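Chain IDs A, B, C and D follow the sequence of writing; residue 1 opens each chain.
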Amino acid sequence: MKDVRIIVTGGTIDKVHDMQGEGLGFAPSGASHIPLLLEQARCFFPKVQEILLKDSLDFDEADRAAILFAVRNAPETAIVVTHGTGTIGRTARELAGQVTGKTVVLTGAMRPFSFGASDGPFNLGGAVIAAQHLPEGVWGVMNGRVFAAEALDKNTGTGRFDT
Amino acid sequence: MKDVRIIVTGGTIDKVHDMQGEGLGFAPSGASHIPLLLEQARCFFPKVQEILLKDSLDFDEADRAAILFAVRNAPETAIVVTHGTGTIGRTARELAGQVTGKTVVLTGAMRPFSFGASDGPFNLGGAVIAAQHLPEGVWGVMNGRVFAAEALDKNTGTGRFDT
Amino acid sequence: MKDVRIIVTGGTIDKVHDMQGEGLGFAPSGASHIPLLLEQARCFFPKVQEILLKDSLDFDEADRAAILFAVRNAPETAIVVTHGTGTIGRTARELAGQVTGKTVVLTGAMRPFSFGASDGPFNLGGAVIAAQHLPEGVWGVMNGRVFAAEALDKNTGTGRFDT
Amino acid sequence: MKDVRIIVTGGTIDKVHDMQGEGLGFAPSGASHIPLLLEQARCFFPKVQEILLKDSLDFDEADRAAILFAVRNAPETAIVVTHGTGTIGRTARELAGQVTGKTVVLTGAMRPFSFGASDGPFNLGGAVIAAQHLPEGVWGVMNGRVFAAEALDKNTGTGRFDT
C-alpha cells in the first residue's frame, strides 16, 4: 500500500477558540490538531508535516511557494494538503501546473475539528483515500465529493463545495 | 457526479449508550445516527437506507440476504454499507461473488459516533469517496485504507484494520 | 424544593461558530443553547427565560435594565442569570443594590457550550445549586467558587475567576 | 475560601468505551477522568484522590469502608465523592451516621463524561459548590438538586434523581 504524507497549512480545520481575544485563532506553531484527528480515526500510517498554521485568506506568495516546495520534495507520491477553504481553489490551480508524478489532494473543513461536530474528519478521511487511489494530478475533496482543481471553489452562499 | 446510496445495517458506528442497562445498544429502528453524521459532514447528496440496526456478530443468514437484496436493488452503482466490524469481512466476501456492475464499499467504526471522538466520520468519508472512484467490486474502507473483500479482517489484537 | 428561573442574556456560554464570518456569534434570538445544556444535564425543573443573546461587552443601560426588570418580576426567589464574563461583575454590582428577597446567581463560561469541552455545564450546575441554597443577595459562581458581587471579576491574565 | 477534596470511586461518570469487549469499562487504575473534567471546567483548586474505579453495584463492604476511611482522614472539611448512581444512596446513608464535622456531597452521572454530552460536569459543578456551602452532613447532588442522604435514590423509571 502507498505511503501518504499530510502537509498541514492551517485553515478552519485547525482553528481553535482564542479565549483571550474571544474569537478564532490557531494553536502555537507545531501544535496542529491533525495528529489528534488521525489518532481518533485510528489512522496511524500517514506522515504529518506541518508547514504553516494560517488562515488561507492571509496566504501570500511565499506561503504558496512553501506548499509547492513541500509537495515537490515529499518522497511519497500520495499527498494530502490541509488548507483553508477561502483560497483552496486558488492553491489547487497553482499547484496543478507545477507538480507531476504525484496525486495531490487538498481538503479542509467549514467547522474547526477542535469544536466537535466538525466536517474535518469526514473530509480528511475522504482525502486520504483519494490520495492513494485517484490518478496523478491535483484534486480537492470536500463533503463527500472529489473536485478537479479548476472546479474547486466554495459556494459562499451555501457554505459548501458542490457541483 | 455519481449518486451514492448508504445502506445502514448497524454496527458500532451506530451504537448508543444504553442508560438503563448501562451498556451499549442501538437507537430504536429508524433512528440511525448516519443522517446526523452526514449533516455534520455537510454531505447532503447520499441517499440513506436503514435496513438493520444490529451488532454484526448477531447477523444471521436472513440479515446477510437482506443486505444483498438491498445492494442488488439499489438504482445507484456507488454503494456504501455501514456494518459492524466483527463480521464485516465475511459479509464482504459473501457479497463479492454475487454483485456485478456496482462498487460496494463496507465501512464501520471501532467507537460509536454518538460518543464523540469516533473513527466513524473519517471512515465513512473515505467510503463515500471510494464508492464513487474505485472500480466495480466489493471493498472495505477502514482507518484510511482500502481493502479487497478477501483481505478485510479486523486485527483483534490492535483493534485496527491493517495490512 | 425551590423553583428556579434561569434568565439568559448571552455571553460566551451561548456563542456559536459563525461559519460565514469565520468567528463567534450567537444563534438567532430565541435559540439559546441553555435548554440543550439542561437536557444533557438531565435537569428538567428550571424555567428558562431568554431576554438577550449578546456579548456582555456590548451591553448598554437598556440591557442591564432589562435584566433587573426580569429578576424583579420573576415569581421565583431562586434566580440564575447566564451572562458574558466580560462585564459580569458590573452587572452583579448593579443588581446588588436593587434586588431584595431573592438569591440571584450570575454565571457564564470561558468556552462556548456549543464547542464541547466547555466550562459552562460545570458553572451552571454550580449556579443552580447556589441559587437554591445561598442566602438572599447577588452572587457569582464560576469555576467551582462562589463570589460576592463585589469580588466577581475575571482575572484577564489567567482567564479565570479566582480569589 | 474552603479547600475541597474530591474522592473518586468510579461509577458511570468515569466509565469509558471498552473497545475489545464492546461495552463499558473503566480506564486502568489511576486514570480517572475527573482531573480532565476539572481542567475543562477551569476548576483548579480541588485535590483529587482516586481510591476506586468500580461500578457501585459491585461495591463490597471493604469498598465502603475505604470510602469512609478516606472521608474521615481527609484534612479538608468540604468533601465530594464521585460514585456510581446504582448504590449512591446506600453509601450516603452509611456515611451519614459515621462522619462528623464535615460536609460530604456524593455525586455521579447517568452518562459517562468520556462520551460527551454527559450530565457529569453539571453534577460535579453543583457538588463542588454544595460541599463548600451546605451545612455539615452527608448530601447528594444530582441534576440540579440537593438531596439529604435518606432521600438520595435513583428513580430507575425516569433515570433521574427527583423529589
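The rule is simple: a contact is a pair of C-beta atoms (placed from the backbone, for glycine too) under 8 Å apart; a residue touches a chain by one contact, two chains touch by 3 or more.
Here is each chain with its UniProt name: A, B, C, D = Asparaginase.
Everything numeric here is computed off the predicted structure, so don't read it as measured data.
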| item | value |
| --- | --- |
| Shortest contact path, chain A to chain D, counted in steps | 2 |
| Neighbouring chains common to chain C and chain D, by label | none |
| Chain located farthest away, centre of chain B as origin (C-alpha) | C |
| Gap in Å, rounded to a whole number, between the CA centres of chain C and chain A | 38 |
| Averaged-CA centre spacing for the pair chain C and chain B, given as whole angstrom | 43 |
| Inter-chain centre distance, chain A versus chain B - centres from mean C-alpha coordinates, in Å | 25 |
| Contacts with two or more other chains, residues of chain C listed in rising order | 110-111, 116-117, 159 |
| Chain C to chain A touching residues, read off their complex | 12, 17, 19-20, 22-24, 55, 110-112, 114-117, 156, 159 |
| Residues on chain C engaged by chain D in the complex (per definition of touch) | 1, 4, 37-38, 40-46, 110-111, 116-119, 121-130, 132-134, 141, 143-146, 159-160, 163 |
